Amino acid sequence: MTDLVTFGETMLRLSPPDGERLETAHDLEFRAAGAESNVAVAAARLGADAAWTSKLPDSPLGRRVVSGLRRHDVTTDVVWSDEGRQGTYYLEYGGQPRGTNVIYDREGAAVTTAETDELPVDRIRQAEAFHTSGITPALSSTLESTTADLLAAASEAGTATSFDVNYRSKLWEPAEARETMEALFPDVDLLMVAQRDARNVLGREGDAREIAAGLAEEFGFETVIVTRGEDGALARHAGETHERPAIETDTLDPIGTGDAFLGAFLARRLAGDDVARALEYGSATAALKRTIPGDVAVVSRAEVEAVLAEEVGDISR
Amino acid sequence: MTDLVTFGETMLRLSPPDGERLETAHDLEFRAAGAESNVAVAAARLGADAAWTSKLPDSPLGRRVVSGLRRHDVTTDVVWSDEGRQGTYYLEYGGQPRGTNVIYDREGAAVTTAETDELPVDRIRQAEAFHTSGITPALSSTLESTTADLLAAASEAGTATSFDVNYRSKLWEPAEARETMEALFPDVDLLMVAQRDARNVLGREGDAREIAAGLAEEFGFETVIVTRGEDGALARHAGETHERPAIETDTLDPIGTGDAFLGAFLARRLAGDDVARALEYGSATAALKRTIPGDVAVVSRAEVEAVLAEEVGDISR
Amino acid sequence: MTDLVTFGETMLRLSPPDGERLETAHDLEFRAAGAESNVAVAAARLGADAAWTSKLPDSPLGRRVVSGLRRHDVTTDVVWSDEGRQGTYYLEYGGQPRGTNVIYDREGAAVTTAETDELPVDRIRQAEAFHTSGITPALSSTLESTTADLLAAASEAGTATSFDVNYRSKLWEPAEARETMEALFPDVDLLMVAQRDARNVLGREGDAREIAAGLAEEFGFETVIVTRGEDGALARHAGETHERPAIETDTLDPIGTGDAFLGAFLARRLAGDDVARALEYGSATAALKRTIPGDVAVVSRAEVEAVLAEEVGDISR
Amino acid sequence: MTDLVTFGETMLRLSPPDGERLETAHDLEFRAAGAESNVAVAAARLGADAAWTSKLPDSPLGRRVVSGLRRHDVTTDVVWSDEGRQGTYYLEYGGQPRGTNVIYDREGAAVTTAETDELPVDRIRQAEAFHTSGITPALSSTLESTTADLLAAASEAGTATSFDVNYRSKLWEPAEARETMEALFPDVDLLMVAQRDARNVLGREGDAREIAAGLAEEFGFETVIVTRGEDGALARHAGETHERPAIETDTLDPIGTGDAFLGAFLARRLAGDDVARALEYGSATAALKRTIPGDVAVVSRAEVEAVLAEEVGDISR
Amino acid sequence: MTDLVTFGETMLRLSPPDGERLETAHDLEFRAAGAESNVAVAAARLGADAAWTSKLPDSPLGRRVVSGLRRHDVTTDVVWSDEGRQGTYYLEYGGQPRGTNVIYDREGAAVTTAETDELPVDRIRQAEAFHTSGITPALSSTLESTTADLLAAASEAGTATSFDVNYRSKLWEPAEARETMEALFPDVDLLMVAQRDARNVLGREGDAREIAAGLAEEFGFETVIVTRGEDGALARHAGETHERPAIETDTLDPIGTGDAFLGAFLARRLAGDDVARALEYGSATAALKRTIPGDVAVVSRAEVEAVLAEEVGDISR
Amino acid sequence: MTDLVTFGETMLRLSPPDGERLETAHDLEFRAAGAESNVAVAAARLGADAAWTSKLPDSPLGRRVVSGLRRHDVTTDVVWSDEGRQGTYYLEYGGQPRGTNVIYDREGAAVTTAETDELPVDRIRQAEAFHTSGITPALSSTLESTTADLLAAASEAGTATSFDVNYRSKLWEPAEARETMEALFPDVDLLMVAQRDARNVLGREGDAREIAAGLAEEFGFETVIVTRGEDGALARHAGETHERPAIETDTLDPIGTGDAFLGAFLARRLAGDDVARALEYGSATAALKRTIPGDVAVVSRAEVEAVLAEEVGDISR
């Protein structure tokens, strides 16, 4: 039995090195990257038996995605398709005031046609937990209903469900996102949301604590995590709220911070840790992720625990 | 007045270096590449005033294409679009028996929606020559009719028209290609075709000389060029046939050989050279191209003439 | 008619990556770079029809320069020479206290022999604006008189003239620079000068505001821009002074900041913006430049305007 | 149930790119590589359910090895050790007459202490096939007896056993190798040996056909494969001999050719193909391997079959 | 006569670029690095006639080490061995909270068998100064006695001796280190120790000043240097204490800071500077080192003096 | 006492990797390279105590040259100059028919002002052998007379003198070269000349054997070596002629082949080998050089002897 199954699109990420612009770049770094598979990688590295499921084109590009996940010990359960593209995204890192820019090239991806009955629903039903994010239903109307089906199937089978709002302004408008996601919430046990998205997309008011309480009350989530960037994160569970400040980091690559957080949190919850302890693991894994290039948290459990124990010095030799 | 205008799709080409496979690659070389813009670059480098027209997404990716052509002194006359993707292709070089593999990712490209009335038809009408290839009408039904319109407009305005069959088996079937292209041939003055495509797609029989004669007769082309890879090329013009053996090369990158050939041929014809002399330039430019990485012939006219004069030694110092 | 013509030396810049020292470097980054062509690139990217003129050796090195400018849509109008070198410079980036070190290798460059009558003076006469800098007359006595001739020709033809003091201590002494430049000032409409150079080279006293007022009064400049690094810039025009604080940046490569500033300023002035608005564009373009490797501001007008609108977040996706 | 389990040392391979010498190299390519894991990768890619077992240091270097195998869909079943090093080897490619040079740095590797009872013997007993090579017993006396134990356990359990002589002159002398290996042969079902090793190490005489027959007769091997480099390979099975010429290749990296051959052969035998057909797959996979950098055959079954069908052209587009 | 001879292990350092993790790295930077040879390089660059002696395997790897030192003008006097490995270390740079991690792979290195009578003891006897560090006796019992012999031989011959405590927690425990080092102290003239090591390893109490005074008194050192990282360094000599704050740096690579400090200090002392002046050189060289990738201080004396004169600006051009 | 001193210009070589053209290159490989220092490196690697003397700019570029030679154990005895440039050359590798192109950028190099009395003439007088080439007197009239002085001084002091014709068509005309070189020949003991240069520059006729005999007779050379590229080399000494076919090579970089040949020949002659044996070493070292990137023969004596013993296989492991 798998501990955790995640579902969503994994893209190939193309990024010019060293701050170069796409317009003048001559080489691009090439990595696999996707919110839900990032969660699976972080969970696997923290000790969970994690799988990722999706639909990919039967091509070297699709195989590149699978290869990029398996190396992190994530089981891949993929529908191979003769139709549809491999989604990609271009990432231009830029210091301030330029900022980092993401250019999606994911239209027509094979995953956008993924229907419930071709996916490994039984694997999800038998897993302990199932995770997806607000990106998935934004990708196509097919995926909107597939996401609903999978959450419902998991919920019905007693598989704990996790959902990260992950609002992407380049994919849809706040109102549409809210409507779609709120329709899914009845089948969600754990909700993670950035404070900014809670306000702008879900229309919540108040501070993080009030947002968490309000969401828990309105939708009956078992757990609500509200992330606040440099101000840390907060988890509400069983009526109690646990806060955790962010760990200061030298940030090399911020992409995937939230996914690392959630993957570690889920792995530790599945391993039996309480919410407060899982929050600590999430926070430390997220901090380590920011020092690592690429979308995924290439960390070991021992490293995460060294951060928690504050045993990390400048140079270990 | 521009000497030569070419029309077609230019993609971004992503290629793992050093024989690495896409599945394990961590970096990709990144270049602009497209049959018709390759022709424009070769023509510009051989002295023509060359332009390329197309439709591109208004994004850093579209600008990357334009930047990659302008640096070779090609004028770009582009319709910037808010809709549609930037086409890309992945290129895996492999020695024998692996072979070199092209993976197109060009569906939904902005150019596939290019309609006649948004393109610079007047620029084509005022040019001395207009060039496109069999790839363009294969990309969409819109492009099929746009290609027909542009060839007709050029033909009517007295602009010489050039067409390279350039059959791509990953885009369409031979029968469909033949039907589409033969409908365009009445407006084509110069036809270039690989001997293999003449047989498999256009259904011609006999040797290159017979193919050229037959095509010239059936469709009334002013000039027919038949290329035969390592066996060189042949041009039929005004009832005469000129042959030219291929120049032996140390091949580093064969992509774009035919485009380099035709760009140089057209440039020299526009400059007043006769067919036999233009064929020599085409042959030498094609040979140089094969020693250069990327799709385009980064050569100077002096270098081409040194090859023709056989003045090239091992090391020039 | 060209909006802006710039004149000066463009070098090839050779720089070890990743903080490596020249003494142990095994690879060098290779780019085209020159104060006046940097201005042309920034102006072209902000919408001006910009050209650059100079004299280059007829070699792959000279062509490398032209290729590096054309890709940014700058028209190049070059005298190709069989005599003289291609100037280069070596750039070693170093954090504090090492600092960044420039090693010029520009002696004997072809441009140092550029005489007035071989340059496209008519193009300058017909342009709306002409720009050069204090580097140009420092390079040779020939260039000193050519610079004077071109400024005079432009001035006489009613072309607006722009001059950036750009004092280089590795080229000449302050006293010599002052004498040479002051002889040119009568033909200059817009003067840009760093506050430090105004003091050390031009012998001005007081704060930036006083420096601008004093220079405007003494030499009759229509516009004086005084730059103060992290303290921003100030423009005096028509008796009024406009100040603009510098935008905070994560600096990756500071070379070319002033050129980006001035190119954007000129482009917007040519497009009809008033001095205050042009100053804003200059400031935002300069800030973006500092996040980009290389000498030139690879930016779009939309990006500059997003900085002005403070619409830039950490990650745009 | 796993189809194939392989056992042996996997090293990290450090290699200067582009023909550079170690003495002057500034960067090294970094890959996982080992004869028996190479076999597992090739088998997995040809469709087998393949696993690799060994002992590795519990460090980022050991994890690097595992990551490098999992990405090719090989299950890793590893004893993590706090003692012992991660073996490495340095590889200097050189054209003739320099030749390619391997510098082993594998002394004291964790695997050299691997004892039978810490390894997953049950997994081997339950597999359909077990493979190791003559390198393994050469590494330590502990490994010599562990190898004997594992072959005996497999044999006893009815798991088919495969052994590649793989003589390494930098590890031991021919006489010692022969004595050690001949002691293992009674538990080996399939023997693979290079003709040169058959002569120099095993003391066989005659041509490949005679060598195969002699070995089969003397030691009772079910299958004997004799490889002859450019002269192809030969398999003797059930009294019949099947020959297969080598496929001509553009060789980029010859390391791992034999492992690719054997992995594909085993995969196809396990899938039910007869020896002649499996030999074809081995030959085609080996040929493809030689076009790919690194030790492992990054191929798909479809690619191997395209080689067998001679469907491969120069450029597929 | 050589000014300074240093003795110790020099390893090959393998480091993933750009913050990448070893587990996913595909390329490693490759440099020679060792505490005592770092000291020799810094001393040579500051003007001393410096030599390094050690024992290396007779292989391209051993030659790589020698090549990496000679280029910095260090004389190498090496015992070439057919036995023993070349020590290596893997270095993973990580921002906070990850920290930088060193993985030693130096067991069984040839140098661990270096005996006194195979080393160039006469060269040490004839030198003005001899330097080694606490790393050397930690590597093997042979090296423990060889280190003692060499310090004694130097001391007896009137060669000034220098010893840097350089405690490495991955090599030994504090108590063992203290016992071993204190046995060597009677033959040491100059002791350098980090304040943290003075406390944790040598069991000293009090502030740096008290530590220096206490060590000088107890062991009779002529000079004691106590380093305190960002808080600067302090030297006690002839009863006087000289302090020097650390120079603020943009740190690119902190490895080797102390070695650069001591190499420069020794070079200037050998050149006749007093302790206070030598301390300034040490401090400035250490600061420059931190801006330079790799273990060694690739600086010139002129650069060090420019730092001391505070003549360094942002960009020198 | 030094065995061999060589004198000449060493440049920095800038070369685009992977067949890229200078016009589109974004990175350049950076190495030290010069005919006479190449000879010194080959001699040092074959066991001679070799030095190189020249004049260099006192800059990081000059120090880069020295660093690049010292690492190969060549003693450098350099006049550091505040005037004059560091010569560079750009190298574009191209397969046939493009060919490899060298672009010199060496005008105004510091070495062109090197006068006899600033150079270490005593070191040359005390050496066993002195070597320079026909490139040196071609660089300036100062160098023409300095070369003459040094050859005369060596000759007078009994130092054996060696001279490689090394005609460079980009530096001078054949007639001028002949006149200059023939004036130096009376002080030359060993002359090396390519057969092509013997004909085109020195006006010799006949085959290599006749050329060698004629030159030896006319100018009284003790030894004459005539090289014939793929046809091998021939040495005439003491009335006897020794021939040696070229060893077949996979050529990666042909630059420096002749220098490697001569350096090895000189080293073995200085070590007492007879001409026939030294010729063998020269031939094997030249063959190895062609497999190595860069100008210099990074080889060991053992490797050269393995080639001579034909002990080299495909892969040594």
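Here the chain labels run A, B, C, D, E and F in written order, and each chain numbers its own residues starting at 1.
Here is the rule we use: a residue touches a chain if its C-beta (ideal position, glycine included) is under 8 Å from a C-beta of that chain, and two chains touch if they have at least 3 such contacts.
If you're wondering where the values come from, they're calculated on a predicted model, not measured in any experiment.
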- Determine how many degrees of rotation, between 0 and 180 and to the nearest 5, align the Cα atoms of chain C with the equivalent atoms in chain D. 180
- Given over half shared residue numbers means same and under half means different, the chain B/chain C interface is same
- Message: So, comparing C-alpha centroids, which chain is the farthest one from chain F?
- Response: A
- Query: Where the CA atoms of chain E average out and where those of chain F average out, how many Å apart are those spots?
  - Reply: 39
- Message: Between chain B and chain F, what distance separates the C-alpha centroids? Give it in angstrom.
- Response: 46
- Tell me, which residues of chain C touch at least two other chains? 21, 23-24, 26, 63, 67, 71, 101
- Note on the structure: Touching pairs here come out as A-B, A-C, A-D, A-E, B-C, B-D, B-F, C-E, C-F, D-E, D-F, E-F
- State the interface residues of chain B toward chain A in the complex, per the touch definition above. 14, 16, 21-31, 59-61, 63-64, 67, 85-86, 88, 90, 92, 101, 103, 105, 107-108
- Query: Which residues of chain F touch chain E in the complex?
  - Reply: 63, 67-68, 70-73, 300
- Mind pulling up the chain B residues that touch chain F in the complex? 17, 71, 247-253, 284, 287-288, 290-294, 298, 303, 307, 312-317
- Message: Quick check on the complex: what are the chain B residues that touch chain D?
- Response: 18-21, 23-24, 94-102, 104, 168-170, 254-255
